[in-house]
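Structures for review follow.
Shared between the two complexes below is chain A, which pairs with chain B and chain C, respectively.
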Partner chain A sequence: MSHSNNATEQVLRSSGVDVRKCMRCGKCTATCPAFDEMEYHPHQFVYMVEKGEIEKLAASPSIYKCLSCFACVDRCPRGVEPAKVVEAVRLAVIRQQGQNHMKSDDIPALLDEDMPQQLLVSAMRKYSK
Partner chain B sequence: MQRIGVFICHCGTNIAGTVDVKAVAEALGHEAGVVFSTEYQYMCSESGQQLMRKAIREHKLTGVVVCSCSPRMHEATFRKAASLEGINPYMVEIANIREHVSWIHKDMKEATEKAIILGRAAIAKVHLNQPLQAGESPVTKRALVIGGGIAGIQTALDIAEAGFEVDIVEKSPTIGGKMAQLDKTFPTLDCAACILTPKMVDAGQNEKIKIFAYSEVEAVKGYVGNFNVSIRRKARYVDETKCTGCGLCTEKCPQKKVPNEFNMGMNNRHAIYIPFAQAVPKVATIDADYCMMLKTGKCGICSKVCGAGAIDYKQQDEVIERQYGAIVAATGFNPIDAKAYNEYGYATCPDVVTSLELERLMNAAGPTNGTLLRPSDNEHPHTVVFVQCVGSRCTETDERGKPYCSKICCMYTAKHAMLIREKYPDTDVYVFYIDVRTPGKNFDEFYRRAVEQYGVHYIKGMVGKVTQNGKQLRVQASDLLAGEQLHIDADLVVLATAIEPDKTARSIATMLTASMDTNDFFTEAHPKLRPVESPTAGIFLSGVCQGPKDIPETVSQASACAAKVIGVLAKDKLTCNPCVAQSDEMLCNGCSSCEKVCPYGAISYSDKEFRGPNRTTLIRRVASVNPAVCQGCGACTVACPSGAMDLKGFSNKQIMAEVDAICQ
Partner chain C sequence: MKFSYYPGCTLKTKGKDLDRYGRLSAEALGFTLEELPDWQCCGAVYPMAKDEIATKLSAVRALVSARDAGEELVTLCSACHNVIKQTNHDMATDADIALRVNNYLGLETPYNGETTVLHYLEVLRDRVGFDKIKAAVKNPLTGRKIAAYYGCLLLRPGKVMQFDDPENPTILENFIRAIGAEPVIWGMRNECCGGYVAAENKAQAEKRSSIVMEDAKKNGADTVITACPLCLYNLAKNGGSDLPVVYFTELLAEALGVK
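== the complex of A and B ==
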């Protein structure tokens, strides 16, 4: 198990999360509404970052499936903030690749009456650098 | 003919929810001898007792049957209420229709029927009840504490504080026990010696406390208030009254190759030794297994260097007799032998140690003077792996382990891990756990500090095997949260071994006629409500001999135990249980069956003169019971082939009458 490498340090720094605070209760994963879509679940994100396994997380579609709803952050009894870890990994990947996964031109095709605008804002944040 | 009153308790809905109490009162009201029968919501309440007392007065009752909860709960309450109206308390019988009926049955019709039958049995018994008078016995105002660890020391100090004499019997040369071997104590990290030794000194200097160190209890006779105990004072070959504890002999002794038990055998001591600097009493002891003088008659150096002339090679064991009013078992614990765990390599790899060994490796007075060095090559370890639950939480039938949680390991492992990270931040520390159990004041916070502040890697999973791999140890383990098998190259592996009662506890329990559970922990009189008393009167429990405990719990329990002992010693006379066995000398055939089965040694035989036919005299050997010793267990009444033994209050006739009433 490697505990410190550049990628891990970057994720820890940009998320501001102290992964050691996790006591592995699993409440984040129990809360996650995107559970069925996620390959790695919130508690695994925290644990794998602690173990320095950033590459596995970075390669996983899970980082784009997280809804950023922050339910896990809200419910965590020890204030670990798992969603921030997910976001930090995602940002690390996007910055590295230097490409947008969603462009403003894509938006009109996605619009429909029921879609809340906030979701689009969130999606832009999520899928663009 | 008795005039009997019957009182049925609803116990709220505890009884009335399942038993038709009105029907029971009605049915029992028709029994022979019953002149009054009623039911009430809570018989144990003040108004319930008044109801009973009023009925005793108005109906001139001579006997009472209460159909309620177990007699363990309220027998004393109802006996007292009856005696206030002038009825002998032993004319009150309880039919247990709660624990024996309402709580274990669901069908109301059947439960009601059973309640009536039990009530009828109690009525049948009351018809044959005799008024009994409780006797009294004197109390020796001195206590014995067996074991001089922190539990025994605290109990002794508290008893002495109340003004009573206490003796501590300790089998090793000094008091202090396991706590003296510890380095730091959780969760405050005070140095164990710094907080223990003042208590040891207190015990040593207290004029009410007499310490018999290097001594063992050999025999216990008697009963609560009047125990007679034989104590073997093993030969130290040093006169305790002359030795000044200067330690010169322990430096000059040429036999230097004796494994030092205080340091878990990790270094050597001399054949004449003082276990540690703060020992109480600070007196040297010669280890007869290693002393050249005692074995071959050649040497005598310690005698030559001793300025006080304290060495006495001719000293013999001495057995003394002392009297006590109460006895405290504080026999403590030991870690189990980790050698049985081949998979962890304890027997073959020198760098696999137990937690107690690690305590010594980290202690300033230990074999490495407090520097953490691994045993194989005295190098500083850079990767340390802790294994929790070694031998704890196994199945009942497991040959190597114990079924219980040893309770202290989670916390001391967190302490060890934290201390190593603090002293040696370049060391990686892993802890493999099944659960982390930290219930206790400031305990979970302590464990979280080890993780969050000190960066100890806690991994949910167990170590499967440890093998020597060159100079390192290859640890194969599971990380259950990641679903992976891990391989760690470690320099030191620490096993948190289960704790078990001291091996001597079993023989001491036999001497005390105190009961034990299947794990050899002493059993309490009641697991919740009488936790520091043994079921045997006058025997009290302190510390881990009753069950796994940490130091704060041990000290609390030790003080609680002292309070119970003081309760006995403060009395001038003790009231005896009148429900004891008695022998009918005319029926006794002198077979000794009763004497053999009596667990309390209450029965003795003597020759007595009897009138024979034609004005002759016959000498016959007959049994008699010492009522102060008899605990009323009834074993003798069952064993007696001639029906001469009978238990007052539970006579053969009374029991047969109950059986007849049930089978009616």
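== the complex of A and C ==
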């Protein structure tokens, strides 16, 4: 992602989100259960993508903190769907060679006897390509 | 009544009780869940990106099997349900995704979201009816105070899932009444437990799930029910509470006398 314009275009296309609809009310961030964990919050993702500041987002651990709970999607009064922006930035990162956030070799250390498959399948889907 | 049924990988392993009690109860209530012959794991999270095609294929294959069998498709795991329902919505409403998926699959008859996807709870509400369930109950769970945990995936995104009012749902509470118990109404029932990060960020998962469990306890619940193996794992393991967390199908089977 050396060219910021291309990266922005890619995130906009991949997310399908119209970031210009955002009125910066902050409702998405107020309802986000991952708020405390995030350096950049859902409304900042939307705003920073609009301004083309993808590199900062791509370098931030915030992209791995989203819980895919769709609370911001449902509660945004303008139908912006911030979670889709977070996911598109994360995908732009992990689709690059060598950028997987989790590898299958990491899994055995995380296992416990009650852990459902669902958790491992979803972690691999969200964090690696 | 017969339905195509997509159990999902977790219901074949750690989540066996959700499946087993669901099937036993279905037979007791007069409907059959016919497992799809050739299903594959749905991937557990809906791929939100417009340019993710390969990750949507297993959900579409399940939808196509059900269509070809001429049946509605029933799911039980909240996560499978969310993935399959949202993918079906894409196939019906996003022409670009539908075209690319259809090109890839090369089906005889292209698929465009024709299958009706139902969660097991919707079968109970809309196909069987809670009145009939109430009449079929042999051991009413009288005196039990049960907190229904919806989590996120059954309800959201509301306009796609169309399962219930996402901010003020009633389906699980009506289910609880039908089996003779009393539903507890509590604020955290549709807020996320942080299950998805339980593998890599246990501290975050512990924090979120403790908030959920404390709220259930504070409101007088003796049991928490869920339809999601990940919610169950996370709340029971990381919620720091002595309240039991069980699958709704287990209580249904108990009430119907088939447990």
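Everything below uses one rule, namely that the second predicted complex is superposed on the first by the 117 of 129 C-alpha atoms of A that agree within 3 Å, B and C clash if a C-alpha of one lies under 4 Å from a C-alpha of the other, contacts with A are read in each partner's own complex, and residues count from 1 in each chain.
Heads up, the rule we're going with is that contacts are C-beta pairs under 8 Å (C-beta built on N, C-alpha and C of every residue); 3 or more make two chains touch, one makes a residue touch a chain.
Since the model is a prediction, treat every value here as computed from it, not as a measurement.
Bringing the complexes onto one copy of chain A puts chain B beside chain C with no clash. Contacts of A:Met48 after superposition: chain B is touched, whereas chain C is not reached.
When chain B and chain C are set side by side, the one touching more residues of chain A is C.
When the two structures are aligned on the shared chain, A:Pro116 is found in touch with chain C, with no touch to chain B. Once the two complexes are laid over each other on the shared chain, residue contacts for A:Lys21 go to chain B alone; chain C is not touched.
By the touch criterion defined above, A:Leu12 lies against neither chain B nor chain C after alignment on the C-alpha atoms of chain A.
For the combined model, the angle formed at the CA centre of chain A by lines to the CA centres of chain B and chain C equals 100 degrees after rounding to the nearest 10.
No C-alpha atom of chain B lies closer than 20 Å to any C-alpha atom of chain C in the overlay. In the superposition on chain A, no chain A position is in contact with chain B in one complex as well as with chain C in the other. Considering their complex, residues 1, 3, 18, 20-21, 23-24, 43-44, 47-48, 51 of chain A touch chain B.
Contacts from chain A toward chain C in the complex involve residues 13-16, 33-34, 36-37, 64-65, 67-71, 73-74, 83-84, 87-88, 91, 102, 107, 110, 112, 114-123, 125-127. Chain B meets chain A in the complex at residues 428, 448, 451-452, 455, 457, 460, 481-482, 486, 488. Contact residues on chain C toward chain A in their complex (touch as defined above): 8-10, 13-15, 41, 43-52, 55, 77, 79, 152-153, 155-158, 166-167, 191-192, 194-201, 204, 207-208, 229-230, 232-233, 236-237.
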